[in-house]
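Consider the two complexes below, in which subunit A is the common component and subunit B and subunit C are the respective partners.
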Partner chain A sequence: MFSFCTDPSLLNDWFWTACYLTTGVHMSFYLSFLKVLLLLAVTAPVALAFGFGGAMLARARFAPLSWVGKGYIALVRGVPDIAFFLFFVIALDQGIEYLRHKVLCSDWDMPIRQGNDFVVCQAAKMPLGNAAQWVHETYGFALAVFTFAIVFGAFAANVLFGAMRAVPHPQLETAAAYGMSHRQTFWRVLVPQMWVYALPGLSNLWMVLIKATPLLFLLGVEDIVYWARELGGTKTARFTDYPHPDYRMWYFLALLVFYLIFTRISEVALDRLMKRLTRGQATTGGEAQRRAGA
Partner chain B sequence: MKKILLATAALSLTAGMAVAESHGKTIRMGTEGAYPPYNFINDAGEVDGFERELGDELCKRAELTCEWVKNDWDSIIPNLVSGNYDNIMAGMSITDERREVVAFTQDYYPPTASAYVAASEDADIEGGVVAGQTATIQAAHVAESGATLIEFATPEETVAAVRNGEADAVFADKDYLVPIVEESGGELMFVGDDVPLGEGIGMALRQSDEDLRETFDAAITEMKEDGSLNELLKKWFGDETTIYE
Partner chain C sequence: MSCLQTIQDYGLRSLGIGERLLPREGFTLCEQFTLIGSGMIWNIYFGVIALLTGFFFATALGVGKASANPWFRKPAAWFIFIFRGSPLFIQFFFGYFLFQTLKSEYAFFAPFTAAWLGALIVLFLNTAAYSGEIFYGALQSIPKGDVEAADAYGLSGWSRFRRVIWPTSLRLAWPAYTNEAIFLFHATTLVFFSGFPAWQQRGDALYYASYFADKTFNPFVPYPILAGYFILLTLCIIGVFGLINSRLNRHLPRAQRRKIRLRPNLIR
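So, the complex of A and B:
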């Protein structure tokens, strides 16, 4: 990156460090921080939507719908994340390719399953075999978001399901007494009040989600932990201009600092949100706020 | 939230819409990128190493367009058979067990010597604790040898286990260990005899991809015959490495 970096073995420590930290691999490392932040920013609301949908289904008065919701919550929560990430994603990818294959290559005469192999025609590949690398990466990223959303959605559904039941019953009875329909009661009374009960559980999920990103490498998306391990590993002089011993401790220390700062920011934000949600609620917190204000 | 949902939907759609005319297939080459000198990530962040150079040359000779893809070692075979890339060049030894799942070309690296590396001369490699990388022929060998095997996901960790005393020795491909021992300044050393394992290293492909296997096989034969493969071996593994006759 800098002009003086042409022969790193001649440099003194400071310049060496400056050059070392700006190599191409390090740029990929810095980029992976953005990738992780983007993943979290996209996944969290999508997972919340999945959770909300799951909770609504589980509460449905029509029994089959309720079974679907409860089945989703129970199944996904029961399967280990790593199994889910290894097999569900491959199955999902194959499912998409299978459908595209059926539509796009109807004249194909070979079986799709050949022994261990999954073979579809070239036009059905997702993404196409000759697509640019960034398309492959974006596709992997989208799969990751979807999978994370399903997994964390199931946990969120359980939290929201509980929170909906925690809303004091008299509130709902009052709504009914005012002549609100079931739907109106749900959207106007139940949903605005349930968040305060859901937030502790949801904030736990958020904290776990922040640290779940190493699962990404199973999908070929290189996250910060992958790069820290790769960059920190011993480098011998034969294969790099910047040989160094095992630096993994330093890289993981940097990750630790990153995670701690991120956790702290999250905590502050969640605290504020909690205060905001408590306002006017029939909870101890809400009561305390009312007294302080009076 | 609606906007973010829309954005997510749009994102997955664009991935699907990037549908170009499928003329000329790109061969996607899977590798691990953590096993120098076979394959590793260089300072610029690209896949580099013996297999990168060999793979590019094979593609050139077979007139194929190739692209390199990194994948975790643990899921490297499932992703191949599922069609996420078309072959594996990742220092993978040819074994009968793997042959049941994937097809191999002929070896492009002669049957390898594996070796033990320890922190002291008198390390117990037959009854002690030996580190190996998960799902490698070396790990299988240690498990049968009577020593206690501890497995790690990456080669780097197996060596680190010896340095910090967690394991008495590490058992891995000798070519991977040579530069590490050389640069350890006497801290690490080879112990015991070299063990010949496997049937050499080959390129793994889907069993249904017979045409592609034959194409690469022919290119490897060509490189063996004109001596260019031997030159590559010497370049990456030193003058003393085993070469093809």
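So, the complex of A and C:
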């Protein structure tokens, strides 16, 4: 990157480090940090939407719908999450290919599961065999996001379900007394008030989501863990201009620090948000703020 | 091959006893149940040892973080922050490569690069940090009256801690600690996916489950089996911790006893 980097073997330690850390592969490494942030930015709202849907289902007055919602919540809890991640990525992939196969190749007469193979027609492959590399990568990333959203949606559903029940019941009764319908009560009274009860659970969930991002590695995405392993390994002078011994420990130390800083920033930001949300609420926190102000 | 034969061959495969080669084709349900079950030995080993040893360190950390002396408080608080603020997955990787670097310097660290010791140490430190935070919270919420009563009886220092503060905080912390124990057992599945190699294919339950999923390309059999085993394990943990909980609360009138509310399963 720098002009003095043409022959790294002649450089002293500082310049060598500067050159080493700005090679092309390192740029991919830094880009993968953005990938992690992108995953968080996409997953969090999607998971929240899943959670909201799940909580609404679990609250439904029509019993089978409520069973679906509660089943969704209960299913994802109680089993190691990593098993879910490994499971959903294959299951989703096969599910999509299976559906496409049924639609696109209805004249296919062989069974899809042949012994240990999962065989679908060429047109049903997802993504298509001749697709560009970036399509494959995007598809893999989208599957990962969807998997994360399913798992974290269940956690969020649980939190939101609890928060909806924590809203003081007199509030809902008052709304009913004013003649609001069930739907109006839900959207105008319950939902605006539930966030303050949901926030501690949701912020905990956010922390957990941050800490779950390295699992992207297991889903086959080239994320920071992948690059740290790739770049850190011993390099000999035959293959690179920057030969070095096993640096993987330092790369993972850097990742550890990255996550610690990220967690800390989130903690501070969420604390502020909590202060904002408690303002004017009928909770101990809101009361304390009112007293302090008065 | 009968199922009994399979159990004989693969029941202790995860410890290296029995058949050397894993099944390669024509995977039967029995083989999947047996091998995944055999892998559970490792999950239980990691979970139980880390929990037992971590408990004592966690108590020290909790007391340290609650201490008024900054020389105890700061290190304990930092330790807890570092292990709770970073992903266990990265901790495993870092631990593995740290031990490997140390091993190249000192031969003493050779066993640490194997999962049975290295991963155990990481899990021990991790669970100590999480439980330490729980114990710290419990120490903060001991009823003031209990401590005042202890003072009134002339208890102080170690005997006050031993007879009043510690039992009460343990009682308060127990429901949360039960959840922590369940998490920890779930977290043990990460071990063989994070650098630590499964030597001679002696892996844990998830290792074998993903082996079957890879070979058969069918996730719908091995992962539900794994899930079943873990649900059983979770029920056992709940049972054991429930017994301890009722012993901790045996002096209270029945209505006041705190039920364990289960909120299991979040990633660390």
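Here is the rule we go by: the second predicted complex is superposed on the first by the 282 of 294 C-alpha atoms of A that agree within 3 Å, B and C clash if a C-alpha of one lies under 4 Å from a C-alpha of the other, contacts with A are read in each partner's own complex, and residues count from 1 in each chain.
By our rule, contacts are C-beta pairs under 8 Å (C-beta built on N, C-alpha and C of every residue); 3 or more make two chains touch, one makes a residue touch a chain.
Computed from a predicted model, the values in this text were never measured in an experiment.
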After the subunit A overlay, clash or fit between subunit B and subunit C? clash
Check the residue A:171 against both partner chains and state whether it touches subunit B (first), subunit C (second), both, or neither. neither
With both complexes superposed on chain A, which partner does A:24 reach: first (subunit B), second (subunit C), both or neither? first
Please work out whether A:260 is in contact with subunit B alone, subunit C alone, both, or neither, and reply first, second, both or neither. second
In the superposed arrangement, which partner chain does A:133 touch: subunit B (first), subunit C (second), both, or neither? first
On subunit A, which partner touches more residues: subunit B or subunit C? B
Quick one: is A:220 in contact with subunit B, with subunit C, with both, or with neither? Answer first, second, both or neither. first
So, A:83: does it touch subunit B (first), subunit C (second), both, or neither? second
With the two complexes superposed on chain A, say which partner A:184 touches: subunit B (first), subunit C (second), both, or neither. neither
What is the contact status of A:246 with respect to subunit B (first) and subunit C (second): first, second, both, or neither? both
Which of 7-15, 133-141, 169-177 or 223-231 hits subunit C? In subunit B, it is stretch 133-141
Overlap of the subunit B and subunit C interfaces on subunit A comprises residues 86, 90, 94, 116-118, 217-218, 229, 246, 248
Inside the complex, what are the residues of subunit C that reach subunit A? 25, 27, 81-82, 85-91, 93-94, 97-98, 100-101, 104, 186-187, 189-190, 193, 206, 209-210, 213, 215-220, 223, 226-227, 230-231, 234, 264-268
Touch list for subunit A against partner subunit B, complex: 23-25, 27-28, 41-42, 45-46, 48-49, 86, 90, 93-94, 97, 114-120, 122-123, 125-133, 135-136, 138-139, 141-142, 145-146, 217-218, 220, 222, 229-230, 233-234, 236-243, 246, 248
In the complex, subunit B touches subunit A at residues 1, 4-5, 7-8, 11-12, 14-16, 18-20, 22-28, 33-34, 36-37, 40-46, 48-49, 65, 67, 69-72, 74-75, 78-79, 81-84, 86, 101-102, 154, 156, 159-160, 163, 179-180, 182-183, 206-209
Residue numbers of subunit A touching subunit C in their complex, please. 76-83, 86-87, 90-91, 94, 113, 116-118, 155, 204-205, 208, 210-215, 217-218, 225, 228-229, 232, 246, 248-249, 252-253, 255-256, 259-260, 263-264
